[in-house]
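Look at the two complexes coming up: chain A is in both, with chain B in one and chain C in the other.
Presenting the complex of A and B:
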């Protein structure tokens, strides 16, 4: 399966009377986009605001971040099974508007987290401060249940991204990248001396605020299965996840998964990257056992030599991570796990809630308990009155001057476990 | 077959007709230690003791599913519950929150939906 990804680099985003891209500037007709994404009976009002890198703006609470994309050639459409039919995507050509994202904001439950600061120290902790953000604020009808609210905002965000993505269809991209994964028998013939490497992509799937969808299917109902990496670039996986701001995978991260990107970069040179095994993170222990048995079985069936496993979230999924790791290792396959840490504010506590001696190759994306002070911002998009009760915030977090003392787990994407982060480690 | 041990009244109210529910008027650690005691008596843990990605000091409700059958001590269950207690004590040591009633209702709902997804898998 071969996908050409045409990237169109956007320099600025402005409201205008027509939606178009002109000389690298994205112009949005606000009335038209509101009409396109409106109409949900669960939402009484939608507004859109713009936030640019360097602006003194705090966006919170953030639900999802989505990159606008569109299918230009090949089967299917973007976000299959949700906005498009269930044709298998991932081949042909797709265009993406880079440096711009839809951000959905609004309080779905009382303690929901997710802060994106567009300037200051907080901006350094989130990759999403580098984008021109088109923030969609959807106000629910009174008394709306959390499930319906989450579903409504999820759909509004995807529709907004698809609306903007549509503009990219007829634009000549600034660069075109090609990604190709051949059937495994062909790639093994082509690269007989290269180690066969797979990616086990763990998806958070535990219920309200913890869900992920694959071709429209609630991923808690799947058994582990194989995907071409390029299917994911076309929106085969989307986020319905509101908690764990620092280490959940927003839809933007699924579309731009850093591990997939890196494995492709080494494909045909150092490794033979044969594909992605998706699996879930469920509440019921037998589900965890079954899913990890199946990931190990699939890894062995594919004859893999090495596997990269990424986690989503913290706590309960630590058990899935370790089960996947030790069962795949038991098949004689080397693993590297990619995670983050909740090691206390001083970083001295046990990092994960589960462990095994086979987990001896670990990439960390940071300690989510690290505490920082976010300075006051001139403008808030969303609301901060909830900050004392968000994850990583605490009683007295929100100070009278508008500054906030929080653990970095409150910042969207701060310790993302696919490596789509700004934190790094240096040895001295 | 199995029993839910919980301190969440919403779970008692909504699940009582589907599965045995043992409501305990205690805190989160109380539910974990009650479950640990039952594991020592030979029951097997059927749902994971940590709640999704919600940190243990961010919720006060906990519902766990444990087998009604008894056998020899299940070491996997014991390891999971001990590790969950250790993690919970670590988080509670960092910061305890004061929640408003709206947030507490949300916590009840989330605990309920998390345990519902486990019950759906089981039945």
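Presenting the complex of A and C:
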């Protein structure tokens, strides 16, 4: 399967009377986009605001972040099984608007939604401060159930991204990247001497607003299966996850998964990147056992030599991570796990809830319990009413002057476990 | 907490959904719970059946408390 991804670099975003891209500037007709994404019976009002890098703006509570993309050639449409029919995507050509994202915000759905600061120290902790954000604030009707609220906001965000993506269809991209994964027998013939490497992509599926969808299927109901990496670039996986702001995978991260990008960069040179195994993180022990048994079985069946495993979220999914790691290692396959840490504010506690001696190659994306003071911002998009109760916040987090003292787990994407982060470590 | 209480000489049963974590932490008597969001219940059952489920887990735990163990033991059905 071969996908050409055409990137269109956006320098600025402005409101205008027509939606278009002109000399690298994205102009949005606000009335038109509101008409396009409106009409949900569960939502009484939608507004859109713009937040640019460097603006003194705080966006909170943030639910999802989504990059605008469109299918230009090849089967299917973006977000298959949700916005488009369930055709298998991942081949042909797709265009993406870079440096711009839809951010859904507004009254809280879950209790762990995040914060994006566009300037100051907080901006350094979230990769999403570098985009021109088109923030969609959807106000639910009174008395709406949490699940209906989440579903409504999720669909509005995806529709907004698809609406903007549509403009990219007729634009000549600034850059075209080609990604290709051949059927495994062919790729092994082509690269007989390269180690076969797979990616085990763990998806947050604990229910209670920790959900992920694959081609429209609630991923807690899947058994582990194989995907071409390019399917994911076309929106085969989307986030319905309102929990764990720092280390959940917003839809933007699924579309731009850095592990997939890096494995492709080495494909055909150092390794043979044969594909992605997706698996879930469920709340029943039998599900955890079954899914990890199956990831190990699929890794062995593919004849892999090495596997990168990324986690989403923290706590009990640490067990899914460790089960995947040790069961795949038991098949004689080397693993690297990619995770983050909840090691207490001083960093001295145990980092993961589970452990195993086989987990001897670990990439960490930071300690989510570290605290930070976010300075007051001139403008709030959304509301700070919930700062004291979101995960990472505590009684008194929101101070009278508008500054916020929180653990970095409250910051969207701060310790993302696919490495889509700004934190790093240096040895001296 | 399991380990700290046991240090004082009082036996402890850890009712826990994710048994592997309990094993890693070092609990000696482990009774599997139902699910992470509702360890001692199941909201999908009617009241009578759910009460029976609860009672079963509690009774099994009381039994486990009185059972001599030699190392970490999981009390399965």
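Just so it is clear, the second predicted complex is superposed on the first by the 424 of 428 C-alpha atoms of A that agree within 3 Å, B and C clash if a C-alpha of one lies under 4 Å from a C-alpha of the other, contacts with A are read in each partner's own complex, and residues count from 1 in each chain.
Here is the rule we go by: contacts are C-beta pairs under 8 Å (C-beta built on N, C-alpha and C of every residue); 3 or more make two chains touch, one makes a residue touch a chain.
Keep in mind that this is a model prediction, so the values were computed, not measured.
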Kindly classify A:316 by the partners it touches after superposition: chain B alone (first), chain C alone (second), both, or neither? both
Have a look at where A:169 lands relative to chain B and chain C in the superposition and call it first, second, both or neither. neither
If you stack the two complexes on chain A, which partner ends up touching A:14: first (chain B), second (chain C), both, or neither? neither
Looking at chain A, does chain B or chain C touch a larger number of its residues? B
First (chain B), second (chain C), both or neither: which does A:220 touch? first
For A:285, select first, second, both or neither according to whether it touches chain B, chain C, the two together, or no partner. both
Of the two partner chains, chain B (first) and chain C (second), which one does A:85 touch, if any: first, second, both, or neither? neither
Thinking of the overlay built on chain A, is A:379 touched by chain B (first), by chain C (second), by both, or by neither? neither
A:353 in the overlay: touching chain B, chain C, both, or neither? Say first, second, both or neither. both
Where on chain A do the contacts with chain B and the contacts with chain C coincide? 206-208, 283-285, 288, 316, 318-319, 353-354
Which of the residues in chain A come into contact with chain C in the complex? 206-208, 283-285, 288, 316, 318-319, 322-323, 353-356
For the complex, give me every residue of chain A touching chain B. 109-111, 146-147, 204, 206-210, 220, 243-244, 247-248, 282-288, 313-319, 342, 344-345, 349-350, 353-354, 369, 388-389, 391, 394-395, 409
For a test of understanding, state which residues of chain B touch chain A in their complex under the given definition. 45-48, 50-56, 58, 65, 80, 83-84, 86-87, 90-91, 94-95, 97-100, 102-103, 105-107, 109-110, 113-118, 121-122
How about chain C: which of its residues touch chain A in the complex? 17-21, 24, 32, 35-37
